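So, here come the structures, one by one.
Same chain, two partners: chain A is paired with chain B first, then with chain C.
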Partner chain A sequence: MQIRTKRWSSPTLLLTTLPLAALLITFFIVPLAMTGVLSFQGTEYYRLVWTWDLEVWREVFSQFSYWSTMLRTLTMALIAVFLCVVISIPVAYALVHRLAAVQNHVKILIVFAFLTDAVLKSFGWVLFLDRSGVFNGMFALIGFGPVTTDILFEPAATMIGMVYNHLPYTIFTIYLSMSRIDRDLMQAAYDAGASKIRTFFEVTLPLSLPGILAGGVLVFVLSLGVFLEPKVLGGGKAPMAAELIRQTFETRVNWPLGAALTLVLIVIGALTVIAASALLLRLLPKTGEH
Partner chain B sequence: MASQRFVYRFFHEISVRGRLLLSQQDAIIEVDNVSKRYGTHPALNGISLEVGSGELIALVGPSGCGKTSLLKILAGFEEPTTGSLRIAGRDMSAIPPALRPTRMVFQKLALFPHKTVAENIGFPLKMAATERSEIASRVAEMMEMMSLRPEYRDRYPAQLSGGEQQRVALARAMISKPEVLLLDEPLSALDAKLKKAMQSEIKHLHRNVGTSFVHVTHDLEEAMMLADRIAVMQSGNILQIGSPAEIYYQPANSFVAGFIGETNFLPVRIERDGERISFSGEVLECTSSDVPATQAAPGLDTGEAMVMVRPEVVRLDTEGDQPGCRVTGTVDELFMKGASIQYQVRIEGLERKFVIETPGTSRPPAGPGDRVTAVFDPNDIWLLPA
Partner chain C sequence: MKFHRVEHVAGNTVLYGSVAAVLLFFYVPIFTLILFSFSDSRFLVFPIDSFSIRWFGDLLQSRDFLPALRNSAVIALFSTLAATVLGTAAAVAWIRYSFRFQRVFQALTFSPLLFPQLLLGVVMLLWFSVLGGWFGFSPSVWTATVGHIVYITPFALIIIAVQLYGFDDTLEDAARDAGANQWQVFREVTFPMMWPGVFVAAIFVFLLSWGNFYITYSLAGTARTLPTFVFSGIAVGSSPIYPALATITFIPGLGLLFFAEFMRRRAAAKRRVEIHTE
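Take a look at the complex of A and B:
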């Protein structure tokens, strides 16, 4: 594909990009700048005072508990990305190559699950994972004692909820890039003496990397902001960044601190995405096309 | 993976030894009564075909005639519904493409877009767990043979021209020295000039390597240029197998005859008398209308038939005194083609225009609207079932 280069000052270019630019500035740049400004203020008796100092930032960098929450959030998000990708690759492969006949039905089912409200789905998992829930009941039936696992309100349950709720993103992005791979390429690999597994690693996986990267970024960004799953499935015992920020704003009514924590989360997320992209761009299939 | 390599080596060993044994034996591919159905749709109806060792055979026919199905069965991407297939003396049922002594050049080439030219060409060797240094030297050898410049090694297929991509695809298919190379219309996407160049390159390659080629194409002219033998197919059947000259001058029926170039058909009644056949028709008059039975499609007997005469064996009779068969009509159109002049002549009682191809002259011997007499030697005709 050829991308035509135009001068920044070209009037048609400015005019045609105006709506998008306006949208981005109003709903992204301005709020972000306001958050930045807010983080340099202070509070007195639950009221915002315009102090213009670094008091809030001093607190952020001196409180270990904030950073442990951030680190936990980052770790959980990365694990969720890994699990989503690892689960989605075989699902997408099966959708493209094995379930061609029922492909559309399966896709509709996934969309249904995707469109169901996350609160409902999370409470569904509560019922499933509860001590007296379906999961333990099943194992009890086949003779594993009354309580086999007790993971509800543990980080593991939070992870199950996060992966479950974000899975459609990776399934669909990976499915899309896999279905665009020419079937002849796989036949050519078989013809050249490659086994199915070899063909998957030599042809299918490298050519699916764009979808894997896109899905991974989506899940990562969404996972950084989860507050429902830690609350409902994690029992609020190990709050993640979003919950911390919510509490800072609502319960502690400390807007400057909340703004500062928000910025910290955004920076951590952005840095991780940039680092991961740089790493993955090297892995991405080069085709010599510009 | 190790066990798989072992299996591959094992079969490779067998195929190498088999090749030694088979060197006296002729047929490398034996297709015996193969049928293929997709659901209820029959794609192949009991095809039998033998391909000799080192032969270049072309499968020709219009789209949907089953030529690609047959090629896929040879490659192992599809199993025949009934019938058997032997390649290099081995029965091929349930043997996957990877373990067959065949390599395929795909219609859209199917070069791996994320691999460099060298990685693409060396891919079959990598799959066969060949030493890296050997892969490198054989890739270099192959690139030289296909006249690909050494600096292309590290380029990606998208950075090459259509003809170069074609050569990379051929090199990838040939590098593991297969017994049979299957070509699935790889030239169909090229422009006319490049196509001609690639055709001569394929012919050249075939002469050099001694591998059997099975070339699928819908272009009978291409098949005639390349092939030792041509199999003309139509709706799942092989209509005729023969040398290019046989297909061109002695077609089994009017479909084969009409599939390449321009042809004239004249309705006649024939009388078979042992080894001689005499014919008579309303539109043609002949000084002698008696030809040997070898000038008729096999099995043709007394009754309605057709005379086939190629445009290039017909001459314009300006003096009106040449012996042979003659037809008379009015010139409808003429085309100066340079080396030749083509006349389309309207003949009363004939629906299709009679086509004459005469050697080019600076002044055409007749113009539109002129009454002309066309004459041809009865030895140049071929009798076909009506």
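Take a look at the complex of A and C:
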């Protein structure tokens, strides 16, 4: 395929790029800047006042409770990343090397589950995990006690929801990475006498690192903003950062503080993305496409 | 040799087992909802004693259901239309052109993907409140539609861009040699070759918008869509009408996806035949 060089005076280039660029600048970049500006203002009696000071930021950095919520959010996000990656690796490998014939059907089934209304799915988990839900009911039928597991409204249930909602991201990024690995490399390892397990750990896994990293970063960043899972599945007992932000805006009606907390979360996410992309760029030349 | 045999069996067990387990995991809440939608009892407890379809009727009679359905449809249709057009254009610029500030354009159009939806919703809500103050409007279905467009367009863009990558442009050259102008080349050659990818992207983002909770929750004001209707419902107390809602929305969604896959394959097969016969 030939890549055509275009100048900014070309009408085709303007037509293909400008509408989306204008939309995103107006409704994404400007709002972000606006959030930054708001964090330097103050509130009096639930009303915004233009003060231009650091009062809000002083509160953010002096309140221990905000940071313990942030820390809980980070911990949960990291656990979710770990679980998603570990679960996705064998699934992606099987999709590439074992299930080539039914691959598309499996992918559609995963995409469908991913695209379905998240509120309904969380509610489905509630009905499944409930004390008198499907899980306990089924175990009771085969002779266990009435309540085999009681994790609904505990952090474990929140984690199930987070892994559930983010798993497709790691499955698909790792799958993409693995499907691009040159099979001759694996064959060469087998020919040299390496076992399948050894080949997997010394050839396949290192070459899949870009996909693992990209998927991991996506899951991490998206996990920073979860709100449904802690609320519906976690019972609201251990609120995470998104819930804190929502309360600051809606219940306390303190917009500058909400804006500042939003920015803290965005900065944590952005730093992760930047660090990961730097790492990715160093990994890529080594794994190079053949 | 014996070790290899054990390794082979163990490896296959892990691989096939993990795919089966993950598929089961993905469908646990979905099957649970479908199961409960046919329960006769008002209480959602297992095992289910008797079955009925009465909750589907109750759902239709619920005062908030039809407006929520209409809002979901309006938002999803308009945002899908906009996202598909904008995403297709931008994907062409991403993959087929090279220009100054291309990296900036790519970063700008990709970055909403890296944003947790709730934060995207919150920052847009702040901005819409400012704009609303200036121009005198309040959050509604339309602000939510704009929010959905910002959220789903990068998905459409990526799906189309992936399929454009490695695009075979010999047919375009042939058309140009035969005297077609730029618009004719696009209409007669480029678009017919691109459209399966565009169609798949459109269905994907339609379902993404249809099932979206966070953006609507932040931006729609008092208007409700199906996900926010369910959210406010289960916050008050669970009722069998929500599983019923799940059942009637899941089936068309799954059908739509298999239809998209069927269209994509048919188009791919047709293209292979055309190229062979030339």
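Miscellaneous remarks
Keep this in mind: the second predicted complex is superposed on the first by the 242 of 290 C-alpha atoms of A that agree within 3 Å, B and C clash if a C-alpha of one lies under 4 Å from a C-alpha of the other, contacts with A are read in each partner's own complex, and residues count from 1 in each chain.
The rule we apply is simple: a residue touches a chain if its C-beta (ideal position, glycine included) is under 8 Å from a C-beta of that chain, and two chains touch if they have at least 3 such contacts.
If you're wondering where the values come from, they're calculated on a predicted model, not measured in any experiment.
Within the superposed three-chain model, A:A100 lies out of touch with both chain B and chain C [touch as defined at top]. The partner that reaches more residues of chain A, of the two candidates chain B and chain C, is C. Using the contact criterion defined above for the overlaid structures, shared-chain residue A:S195 touches chain B and also reaches chain C.
In the superposition on chain A, A:V49 makes contact with neither chain B nor chain C. Touch criterion not met for A:L283: it reaches neither chain B nor chain C.
Of the two partner chains, chain B is the only one touched by A:D184; chain C is not.
Put simply, chain A uses residues 195, 197 to touch chain B in one complex and chain C in the other. Interface residues of chain A, counted against chain B in their complex, comprise 182, 184-185, 187-195, 197-198, 202-203, 206-207, 285-289.
Per the touch definition, chain B reaches chain A in the complex via residues 1, 4, 8, 75-77, 96-99, 102-104, 106-108, 110-114, 123-124, 127-128, 155-159, 172, 176. Taken together, the chain C residues at the contact with chain A in this complex read 3-4, 7-8, 11-12, 14-16, 18-19, 22-23, 25-30, 32-33, 35-36, 44-47, 86-87, 89-90, 92-93, 96-100, 105, 108-109, 111-120, 122-127, 130, 146-147, 149-150, 153, 157, 166-169, 182, 204, 207-208, 210-211, 213-214, 226-228, 230-231, 234, 238, 242-243, 245-246, 249-250, 253-254, 257-258, 261. Against chain C, in their complex, chain A makes its touches with residues 1-8, 12-13, 15-17, 19-21, 23-25, 27-32, 34-35, 38, 87, 90-91, 93-95, 97-99, 104, 106, 108-128, 130, 132-134, 136-138, 141, 164, 167, 171, 195-197, 217-218, 221-228, 232, 242, 245-246, 249, 255, 258-259, 262, 265-266, 269, 273.
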